[in-house]
Every structure is written in structure tokens, then in C-alpha cells.
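There are two complexes below, and they share subunit A, which is joined by subunit B in the first and by subunit C in the second.
Coming up: the complex of A and B.
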């Protein structure tokens, strides 16, 4: 099974930028014909599986595979000693072992992998490997990890990063001071398409090809090649269809194991996680605790923000250092304030490793700063809308990092337009209705339901920060009126494939745009994360298409003895803006083949200094959310009735795809507000399944009323901001604020559990 | 695998399909995918919570991950591949694409089967009936809004066509 080259699916008119062009892979996905990474098979293929630690912290005393080797069908069993290259990997610091050798530091840490003829054989072989552990004390508390007296659980220490922000006059005191401590639970990305990969070994083990679902092919390749002791060009990655990502595929999971098994056996090997294994196999959203003290003057204007933030990164570094910087620099929220005194730590513990998830540190920060804005409003006798409007950031404001916000910053407009969306009417509630809190449980007494309204507003950085040299490459080929695009941009569901086609149609005046295979046979596109691909890969595709258009204009101008600068694309034609010439792109490019490659880079950023000062971010996007909830105060159950939102998006490139990002992000933020949490006790994960880790269903989906705030962003290649992350950020505090409003309870954690409503501490 | 294997026949999308050398513990989902090459049904939780593997078993929508394959002998199995066998998308499939109900698409085949099943039994569902019927199919990308829009459109078009 291989994904057919997607070609144009026409709706009405031409599917150029600004239209709701339809995704080229849509029909195949509805028919079950689209090949996800789990759908690939090969002749003579083996299955692989991973042996994982049941303990969060233990010394490995011995490993004995004797009984496993006796099982018919077992072809390979590999351990730490079988890793030929670098024994560790990691996105920022390479501190995570491919396989644990002497010690395991989290529940689920890989120890060995098996290849066999059938998944059931793998399961039995894994169970037959005898590992003797000596359990060690479990470090599970962030404060203990920060305490210098605590013995390190890893040679790199128990703090991944500490950062301070000292800004303006840290001694200033406001007329009004409010403070609070906020807890954020560990959320899982819970993509539907489980981790899966198929590795094909080259003859003699000279190289390997890996079909894998990932967010960043080239970064994976670098880490895999290092561990395999192969040159990067001997490791070829092809993007298997990706069933969602949301940050969970930014780190390596099964990539190295799968390649090692294939190279060891000389046969294609497929590894596919179960849902339970997936909970152990990828990083999660950092749980955290944030304490903030907000100072304001009598008019409500912020004077100073002080406090601290602690994020638990779990056993290995992943992207904790970057998440931390995103977190602390966004504690300000979308509000003007130049005085700050803040500390932030990302800790190493024996909890599950945490890293990227949609929102990347800003979700945690926003939950705290929005709680604070409501406390401030209450202390000043203002409404949640008033306090936010008084402080709304605008273009030209200086952040407490010293960076000037030069992005379009329509914060006040986002708030006002959200506030103008009508509130839903309060219905006559019928006993037993599925729309009551508790849904199909039909437990709610309609007389005891209380409605609440809450607000959340957020700022989100776009793209990578702190001086990272971020680039994206794309190639455009025009031949006989057909454009072909090549890039390594991971399509994870967000719809870059349709955006790329829209760009080519718009720039080149073609209708048929073929997308080449997404693989490592071209330069890196960077990661599909940080709301960056529309800007970065969009910029690369746009740049490549523009270069091709220049060559095409030169060709036409030469034939007709014109200046190429007077030619333009109009629809599907090339026209002379100063004369009568009008020729279709198809005719003009007949027999011609033009190929151009373009690399897009955003402007450079800087690292923060020891006081947290520096231009560390590229650009920002803003959004407002207003939540309406119904709360069953007897049972502590919540139904989110409506989410109203206005989002700063720059230029709208595809209204339908934009709405999909907004509604989907809201559902994930709703999950974090009222149901989604990986429960961990002393390093033990208690709910690694879809039975116990609850996700929003169709019955949990609120009515969403969304308004795009469309203001062209001059910094962006297409005038468009990334739209993926903002929808999921401030919706969570908005929902929790609405629950506070409905119940009068000072709920300081998310997700809100029934006991937080009914049995307050 | 050397322990108990079996030979049996399944009726899938109207065809008789032989299943050879299958370990008796294999789920219907595994056999459809790995032995019969019908990759449309997806596995995402393997405990009946997410609906990605939904198929019709004698007309009932079931999670094929929870059905022992050998127990489906003699039943009429319809997978997503059997809903529009001539390659042209069904009205439900077309509406999903047109209304943006597809993002990553991993949940989509299961949802397509669930919507076909719903509309077969209730051609004019209320929105709450749609939500209830689809609440066993988890979608992580869309937040469900565009899925509801797709179903509403199919209902309206079918009603229009029938009147």
C-alpha cells in the first residue's frame, strides 16, 4: 500500500489562496485507502516489540533472555549493548538511552526489543525475558528535585534549566495585589494513529529506509544515524501517513529500535505500539505549578508580575529547556507590563518524560495568568472583560523580556469581538437530557444545575526561539502546465498539503499541482510544530514558485521581445500589463521544464541573558475565548455549552482549514479543562488507556462560534500567522473560570475534577 | 507461531475470503488488516473506546478490535471499503471531504461506517441523536464541528432527494 500522488480536487472556481480548497488526501482518507504508517507491509516482514520497565526507578541487576529465545518465531532480541553508535538520543540534549543498561528512570523505559514472526510471538517473548530489578527511591516531587541536597538521578543533574526574568523596577508595588498558586495536570496528545514504523534494511546492513509517522523527518534522521553509527545519507526516511501528532511525534520513540531490528535480522521489521504502550512511548505535556503575584494600580493597569513556575520534565530532557523558556516568557499574558521578577525551573524526576504538546509551555502559563486577571478584576470591582481591555497589549509594546512586539497585535479587538458574540439562551432543562452535565449517565437534577461564564485571552509565540537557525526548503517544478512540489514538511493532518497546492495555483496560475513524496530526499522543512509550517514551509513553497514564475516570465518575454517585469499572472494566464499579450500558463510552459528550490528563513532571534532579557521570539499571535458552562453542583460534573472566540490569524488562507484548527484546538483545551489527565503516583502511571484517560467525545463538543481577526501580518511571507496552537491555550482557563463563576469555588487546578467542585479542600 | 492455527472463511463486503494459518486469538481487526489486506479499519485503542475500527457485523456497528475473528464466521461483514465499492465516494464520504470533517483522517473510516449505520436506521436524526450515535468514535483533530456539518448536509440532501 502506498499513497497515490494526490492531485487536485476541485471545488468551485479555482482553489487559490483565500478559498476553502479541499484537501487532496481527503477522499482517500474517507475510503480507507490512505496509507498511514501502520498500514505499510512488506514481504518477509517481521514484527517488533519493546520490553519496558515496570518500575519508575530501579537498578537493572540482570537480564536473561534464555526463555525468550526458546519461543519459535523469535528472530532477534537486542539490548543496550547492541546499539552500535551513540547510546543516547534527545532533541536538545542527548540524555535518553536507546535502551536502559544499568538503571531505569521512568515507568515504561525501554530495556530490550524483540523481532518475531507475529505480534503475539513478540508479546510472549517480551514476557519471557527475565529482568531482575533492584528498586530505588523514586524522585517524584519537583521541589525535592530542585533541592541541591537531593542526589542526582542522572549525571546531568535534576534541574534541566533554571531561568530568571528581572525586568524594569522589580521593587515597585501596586495599589492592588493578588496572588495565587495554580496546578496544571499532565495532558496526553492522544493522537489517534498510534506510533508505527516499517524499516527496510539495505543489503549488507549498509543503510536503512524507515517509513515512519513523525513531525520532523530530518531531525529524526540525524538522531537515528548517530545511534546506528551510519552516515545520515545511509538513513532514508519516508513519511508514512501521520494520524495526528500535537507534539508527541517530535521526539524519537520507536525509530531507532525499528531500524536496529531490521539491520540485525536483515529483514523488514514493523513496530506498532498499542495504546497502552503509546502512553509510555511518547512525551506528554508538562504538569506544573505556578505561583504569581500581580500588582496593579487603581485603574487596573498592571504594574508588576512576580512569582515562579515549576514544570516537571520527568526522567529525560526532551524539549524541557525550550518549554520552560516559552512558559516563563509568556507568564505576562497578552498584557502590557514592563516590571517583573520571575523564576522558573524545569525539573528531572522519575515521572514520565514530558516535552512538546500543542501550546508548548504557554498553556501552563496562560492558566495561571488568566486566573490572576480574574482575581485582579474581582479585587478592583471590574468585569473580566474590563480588566483585560485595560491591559490589552498592542503593537509596539515592550515585553518584560525587553522585546518589542512588532507583530500585528489586535488583542483588544479579539476581546471585543468575542464579547459581542451572543450568549446562548438558558434552555428549559429536561431530566434525562443528554445535553446536561453527565450526559448519557443521565444523573443530573436539572434544578441543581448552575450556569457560569468565564474568560481567557492569550499570547503565543510563533516558530522556534532563542537563536535557533530555523529553515524550510521546498522545490517547485513546472512542466507542461503542471506544477510539482517537493518538500519534507510533515503533513500530520493540519492540511499543509492543500495549502501548498493553493500557493502554487495562486503564484503560477496552474490548476494541477502534484505533491511529491514527503521524505528526506530534499533539505529539511523543520518540524511541524510551533505553529510554524504555514509561515516556514509556506514561505519556502511560495519562494520556489516565485522563482519558477520568474524563469517562466523570462521565457515568455524572450519569445515576445518584452520586459519580463511587465508580465503578470491573471488566473491561469500570463498577461502583459502594458500590452495585448495574453497566453495561458499551460501554453507558455509547453515543452518547458523549470525547476527551482528555495529555502525560507525567518529573522534571527537571540538567547535570553541571565535576567531573561533578549529578543528571543520571532512573532506572536493572540486569541480570546469566552466559555459558557453548566455545572451539576451535586455531582461535580460539567457540560461546556458554548465557546466564543476571536483569533488573530493574519491573512486567512483557507477558511475551512482555519475553522478546523480552531474547533479542534478548542476540543483539546476543553479536555485539559475538565477531563484529561495522566494520573501519576510516585512515578506510576495509573491510567494508560482510553478507558481511563478520558477524551472529549461528540457529546462533549461545545457549540463553537469563531471569528477570525484578519489583519495582514507584514512579517509573514504570506501575511498569515500560524493558527494551530492559539485555539487550545486560553480556552482552558476560560472554562475553569466559567466553573468558578458557576460555583463560587476558588478552583486552582486543571483539569477540574468532580471533587474539586463538590469537596473543596 | 506454531500453536493452534486455523482455517476458516469470512464473508467480507459480499465476498468469501479464506483465512489460513491464523492464530485463533486474532481479532477481526487484525485479520481484516493483516491477513485480508483491508487496511481501512484502523486500530487506535484496541479496547472498544475509540471506534476507529468500526465495521458492520450483520448490520450492527461493532468495534472489530473486540470481535474474535473466528467468531465472525457466517456473519456478513461490511468494512469501509465495502460502503462505496466502485471507487466513487458515497454521499457521506463526499460530505466529510467537502465540509472539512477530515484532518489526520485516522478516525475517519470508523466515523464513515458509524454515520452510514446511523442514517440507515434513523434517516432524520436530531443533532443530539447524531452526537449520541457518534459518541463512540473519538476524533482528536476536528473537535467534531465539521463532522456534524457533514452529517447535517447528507441528511438534508437525502431528504430533498426523497421528497
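Coming up: the complex of A and C.
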């Protein structure tokens, strides 16, 4: 990141809040010593593998494992009938079979699992299981799914949820009306650390321990225990090193299979997906189609938003219902507007199941509403910045759900500060330069390159919504000047491990903070998603440390005959604010052991009513992105030159970690803008590999110039907003707008393909 | 699996006679992908990396000979890059630095994918492939070597020893379209060679047909209009018509990487640009 203004510097060299403290796992990760989930091994371990359907929709006529059993080294082969508990699982509604029994509804759906002495034995056994399928018609189109005349492909029906928003005066008409239909392709989370788990059975099958890469240990445990017909406390989960998640580990994938194989064989079992299997093993970002009609008055002020949104949830429910609510409630964008008439559907089809991915429904919504803002600006002869400033939401505004935005809402400031970032100079371009569109392919000649600038601004809810009882627990133990923290917060790469240490150092005045194992031996921390862990688990760690500090102050006050309220932490010392006492925390806590647990909850939210009204979200964060692109207009190739951004972050707790989220989110949003798409034809995935599912490389990554907008958020325990999702949302429409600006073409879908730029539509 | 590590080409040829199903291994950048995807399970491997002669090249007045084991990294810069700028350009588009350090022309020829980036260059340079077997050395023009998608006329007991290229003077370049700025499989590519020595312009197309395609009609058309013993005229209209003819030679398909229409269009754009680049 260039020209970034550091907001805080290290204070006295201690790694407290506000400093760019380094991650405790950083060195191991950069040196390759960090144990990811796939690195775990156990003595006497077996390997597991999964048999998956090659068809998107078929009846299972018969399954014959006879030949597989003949292979030496095969120890277990299990099917739907071998699931002792609930046969299905799911985050919101339990509609997804652990193993398909009669019918498969998507390509890659699990049918059986095998445990054997070697991965190669597993592979042969899987290949030897004979499944006879009778292929069924494939439901792949959202409109067909919504049509009530279409036969349901699941007993729960073909629509996961329909939601409507009717707000204010839906009949009002604006002076200017613009309309557009926007398409969003299916993006994959593409984390680098593939799915992996290792299960250890308890003697006699009384329970099981699972080391797994996940986002939410306790939710996994609940679903696993149900399927295994075990009490939840008989299923113990330990977080394996997680190499990225982005939502793809919110649903369970290999968890139940691995535990079942371990319990069946009485031996530790490890399951590990390949990259190809990973594409079938986890949910993706919902592809969708959104139609919007924006009404505005002559000054550009929004009068009404109408239209519809359709998201394709694929074969099973996952979090589609929640993604849909996020999507429809964010169609407004970060703009004031009280009149709305909107419908949204999440459909069930025979396409790959879709669920959580960074941005959770808002990415899709933002692509559409930002396209609309540009159309409005054009219709009114305003600039993209003007139209957005005229409408910028502020604290106290009422959303079209009736909810009042009481978060800090510096939308106008985000836009202004982004606009103030200097545009990159137009370079002297040379044929063959790697910096041109086409990069190393050396296709571009300077004369054919046009530069474009585009804007995107977004609003993103933080935490879970719609009445979900969301909590996070943490325990802090102080003994002899050393703090130990225990929590079940999944560290998926976001850096909660360093933040937790920073909090303890700041609150308690200690330098050494030990992190206990992340497992289910403490209450739930909730999911590492929805930009929520800094707020939720950060709040829990902060709360536990404060309770410990109270006990410590009471102890010191008692010895020195003082009122504990007089005491404060200054650096690593306890000081009497009214007298001379000064004692180090290390000394004061010598021989002492204080342990406190704290549960943090955010304020309650409520479900939307049938008109889409209700205080369904907890809080919001905002960001602006300005993209500068160079486009080879003849070949349709794009180079994103610069992304300028100002992001509403609340208090900055770790500038380096913030930067990591911003740059990473921008790369992910860039991927969705110009290359990342799972190509599905009639339910068949065409590109399940990194050869053909393209992620941005260093040559695709733009210069990022980022400014944190630091306004303390009173609603948040540390004054800090979640910063994980916002960076990846409005960057996609900003890049696509820049491509439109460079080419003059009305590009209505993302990712933008070369042919969308240079061939007739 | 047994791995043989011969240190001379003769030894390798003998090993291949003794192990007719053995897999020849050069940089392994294609083979290991196949192994990982379970598409191949070699019982025996003959690793060619320790054979010094395969990793050498020579540049002389009679031509250029590039050992089958010369990695792309050696073609990107230095004497080879100076002698064969189109090959250097193609080499720079291959994968990542790691792939270019390991991957070889021999492997590109062994695999014979229509998207192989070395192949359009060999085609446009009228390169010959030198094959060694117990029967001696056989030399095959590139056009007769590649016979289809991942198919070539190498006999099972033959080892690709080198490729030979006649000396050329004049502009040559290679350009490749992929949907990412680096590390990407070709969606369409063009190699353009203007050879003043033979007064000819030769154009080869990658990833738009089952084999590398030579745009012979366009080559002949151009030969009838320009004096190719000199620098080509910077004539935009001529370039446009030439590019149209080049594109008409393409036989592209629709697949998950791109569409036939885009591929043909991209060939036309690249052919026009390369022609005009040659005139400046």
C-alpha cells in the first residue's frame, strides 16, 4: 500500500492496541512450520475419502460395494444407512443429507465414504463402488425454480425464501427513472488451505475428538453430534490450522464423514480434500440476477427503489435464507431512501450449493445498486461522486426497513477522502511492458489502451442479523504477571490471535500473553464471519481481562488499604491515581491466580415482517472505492492500475492487520470483477481447478492507496468496527464502472469477460 | 515405480528399449500434474535431466540447435533470446518463474497441447524436431510432428533430442491472450516471423485448433503484395486484410475458457498488431 497514512504508531515499544503488533503465528507461517489442518497425523491412522455423484440430478438405482471390499487395506465403507443420528444437516434448515440415499441433487454430492490404509487404497475403493444412476432432468434456471408449476426437486420446495420490502410510499414516482438488470457469476472462496480433518474415536465409540479447519467449532459440534447421535459434550472439536475460509468453512463438509469413519473403525481417520474436490466440497458465493429501477428528483436525490433480486442457492439450503435477507436489505446501498418496493427469492436448483462468502449477499446487491447510481448520474448530467454525495447516508437516517442507522456513518467522508487521493499519472506506455493489459502475454500496444475511472460505495451490516442470539465467550487467567487467554474463536488467518494479545496487554499491563488451545472446552465464540470477531470475541476478551483487572485491583487495594477505584494500569504498572503507589503488574500478581470468564452479546435484533420492516441488523460499516483501469479495448483485456479507498473502520486496533484485510479484500473483489467464476452448464462444473478457476496474480493486483476513516464507534466494545468484509464489496462495481468508463459499453455482468468488452453483445 | 537416471542420450535410448512403457521425464511440469490428477501412473520413469547434451544449445551460421532439456528460463534472456526473439517472448509467457526454471521445449513437444506456448514459435520458424532412437536420428519438420490434440508422430522408442532452426533475419514476435495478466493458459496466440533471408512471412496460431495452425493463405497473400526481403510497409489497410486472412485460418471452439468468436477475433487483432509491430 502506498501513501497510507499510519494512524497510530507503536507506543513505548509494547504490542498494545493501536500498534502494528505482529502475529504470534506469523514467523511459523512464513517459514512453513505452521501446522495447518492437513499437516496432522496420528499413529495407526487410516485415511478417508468420499464417493461423489458425477451427475447434477439423478436417482440412485443401486449401490454395490462388493468389489471395493475386496481391495486389501479397506477398513470401512459407509453409506446413508450408516448414519446413526439425523441423516441431514444444515446451518439454517437441516436439508442436506450426510450421504445421498435415493437421489443426488448436485454434481459432487457425497454418496459414500471409505476408510483405508492409504489414500491410494481409498481412491481405488471409491472407484470400485458401483453406483447405478438414472439421470433426471436438471433444474438449473432460477426462473424455472421459482415457477410454482415446476415440480419440486426436494420436499422443502424450490424456493428457500421469498422476502419483500414495501416501504414508505411505493407509488411515488421520481423525475428521473433509470433501470437495469445485473448478473453476478458464481465466485469461489478459493482458500489455499484445503479442507482437512483428523478424528480420534474414544474407546468403545463413546465419543470423538475432531481436529478440523473450520470457522465455528460449536456450530460444527452441534451438527456433528446430531448426525452421530451423540451428546454434544461427547464430541470435542479442536481447531486445526486454518488456511483461509472466507465463508466456505461455515457449513460442514467432511466433519461428519471423518467422525463416522473413525467411530466405525475405532482408529484415527484423516480426510483431506484435493483442490478439485474442494470445489465440490464447499458452498460458493450465490450467483444472481438483480433488476432495479431507481427514481430520483432533479437534484439527484433518491425517491424510490423498486425491483427484484434472485439468488441461486443451488441444491441445499445452507445460509441462502440469510444471504437473501442481507442482499435485499442492502439493495439501498449507503444512500438515504425511504420508499421501496422490492422482491427477492433464493432458489433451489441442481447447481452447486451456495452459501456464505465474504460480503454475504451484499456483494451482489452492491454490484447492482452501484451500477444504478452511475446510470442516475449519467441521466442527470452529474458526476459519479456528486450523485453519491447527494445521497450519502448519515447517522440517524432511516433505512427502507424502518431501521435507524445509529452506527457512525461517515459515508460522505469516505467518498471525499477517496476522491482526494491523487489519480495515478498516465505512464509512458511501452509495447511489451508487463504493466499493460495482457501482462506477460505482451498483447497490448499503447495506442489501443484506454484508461477509465469508476466508483463504488457500500454499506455492510456487521454481525448476525434477524434476532439471532449471537454471543462470544472468553476466559482470562492472570498468574505471576502472565495472562492466558482461552476462547473458541476460529483463527482463520484474520489475526484474532494477535488482537487478543494486544487487548490483554493493554487492559492488564502484562507483556506475556499465552493463547490456550482453540477448542470446544469453553463456550462458543460464534462464527468467524460477518465481520464480527473483533467486535464479539474482542469484546469477550476485553470483558474477561477487565474482570481480572478488577480482582487484581481489589487485591492490591486490600494490601495497601486503598480504594480499588483509585487504581489504574499505566504501561506495565498499577498506579494509584491519587497517591504515590506504583507497582508492576508482575509483582502485584506474584503468587496470585485470577481467572474470569466473560460472555459478550450484541444488542438484540429482530426478524423482518412480511413487508420487510424491522430492526434486523446490529450495526453497519461503510467504504468507498475508486478504481482506475487500463483497458485494451480491441482485445477486451484489463489491467487494474489503482484502487483508492477510504474505509470506515471505527478505531484502528492494528494498522498492519487492517491493511492486510484491505489489500486482500480488494484482490478478492478484483477477482470477481475480471476473472473469478465457477462456470456451470446445466449443473456441471466446468473448471474445478486453479488452471481454469483464475485467481489474481501479483501482476493483476493493483496499487492500493488506503485511508482508514477513524471515528470511534460507541456501539462497539473496542470502538472498532469489523473490517473484514467491506474491502471486497464495492471494489467490484468500481472496477466494472471503470471498464464501462473506458469502453463506453454497458457491461451488466460480473466478472467481465474479454468478449463482453470487445465483441458485439 | 523405478526411476532411471541416465547421464547420456545413448544410455537413455537403451533404457527406453529395455523399458518400453517408461515415462520420459524432463522438467516434470506436465507429468506431475498428470500424476497428481491420477491420469497417469508410470511404472517406470526415465529422467533426462542429468544428460548434459540435452540441456545445451548452439547458435551458428548454419542454424540454431536447442536441446530438448533447455528450460524456458534460458530462452528468456541471453544469446538464445537475441537469436530467437519470438521464442524468448513465448518463454516469458509460460507459467511462473518456477515453471520456467523447470519446463522445457522437449516437454512442450512431448505433451503437444495446442495451447503449448513453444509450439507456434517452432511452427513459424519452420523448426525441425530431431528424434533419437536405436535406429539413429530422425528429423521431422514441426508441421509433420504435431498430429492432433496431445498427439505427435514420435515413435514410442524415440527421444526428442533437440529442435533445429535455420537462421533468420528480420522481425519476429509472439503474443498470447489469456484471461489473466500472468500464469495463464493461452486462449489464443500468434507467432509472427518475418524472415528476410527467405523473403517470407510466416504466421502460426496457438489454441485455436487441434494442432498449431499455419496461416498459409495469409502468408501467400502477403507474399504476393510485399517484398519480404525488406522491411514490411507500415500499411494499415494491408495489415487489416492480412489479419482477416490469418483469422480465417483459425478453427477455434467454445469451451469454459473462452468462445470461438472471441478466439477468432483475438487472432485477428494479434495478427494485425504483430504485422504493424514488425514495420516499426
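Please note the rule applied: the second predicted complex is superposed on the first by the 748 of 761 C-alpha atoms of A that agree within 3 Å, B and C clash if a C-alpha of one lies under 4 Å from a C-alpha of the other, contacts with A are read in each partner's own complex, and residues count from 1 in each chain.
Operating definition for what follows: a residue touches a chain if its C-beta (ideal position, glycine included) is under 8 Å from a C-beta of that chain, and two chains touch if they have at least 3 such contacts.
Because the structure is predicted, anything quoted here is derived from the model rather than measured.
Using the contact criterion defined above for the overlaid structures, shared-chain residue A:39 touches subunit B, although it does not reach subunit C.
Contacts of A:469 after superposition on the shared chain: neither subunit B nor subunit C is touched. By the document's definition of touching, neither partner reaches A:563: not subunit B, not subunit C. Look at A:665: by the touch rule set out above, it reaches subunit B but stays clear of subunit C. In the superposed model, A:746 makes contact with neither subunit B nor subunit C.
Touch criterion met: A:29 reaches subunit B, while subunit C stays clear of it. Partner contacting the larger number of subunit A residues, of subunit B and subunit C: B. Within the superposed three-chain model, A:699 lies in touch with subunit B and with subunit C [touch as defined at top]. By the touch criterion stated above, A:441 is placed in contact with subunit C alone, subunit B being left untouched.
In the superposed model, A:123 makes contact with subunit C only, not with subunit B.
Taken together, the two structures place residues 274, 434, 439-440, 691, 696-699 of subunit A in contact with subunit B in one case and with subunit C in the other. Of all residues in subunit A, those touching subunit C in their complex are 123, 274, 276, 431-432, 434, 437-443, 445, 448, 634-637, 639, 674-675, 679, 686-687, 691-692, 694, 696-700, 753-755, 758-759. Here subunit A touches subunit B in the complex through residues 1, 9, 11, 20, 22-23, 25-27, 29-36, 38-39, 41, 72-73, 117-121, 190-194, 241-246, 274-275, 433-435, 439-440, 492-495, 656-657, 659-660, 663-668, 689-691, 695-699, 701, 704, going by the rule given at the top. By the touch criterion stated above, subunit C contacts subunit A in their complex at residues 36-38, 89, 92-93, 173-187, 189, 255-259, 261-262, 265-266, 269-270, 273, 276-277.
For subunit B in complex with subunit A, the residues that touch the partner chain are 1-2, 23, 25, 30, 33-34, 37-47, 49-50, 52, 79-81, 84, 89, 92-94, 96-100, 102-109, 112, 128, 130-132, 134-148.
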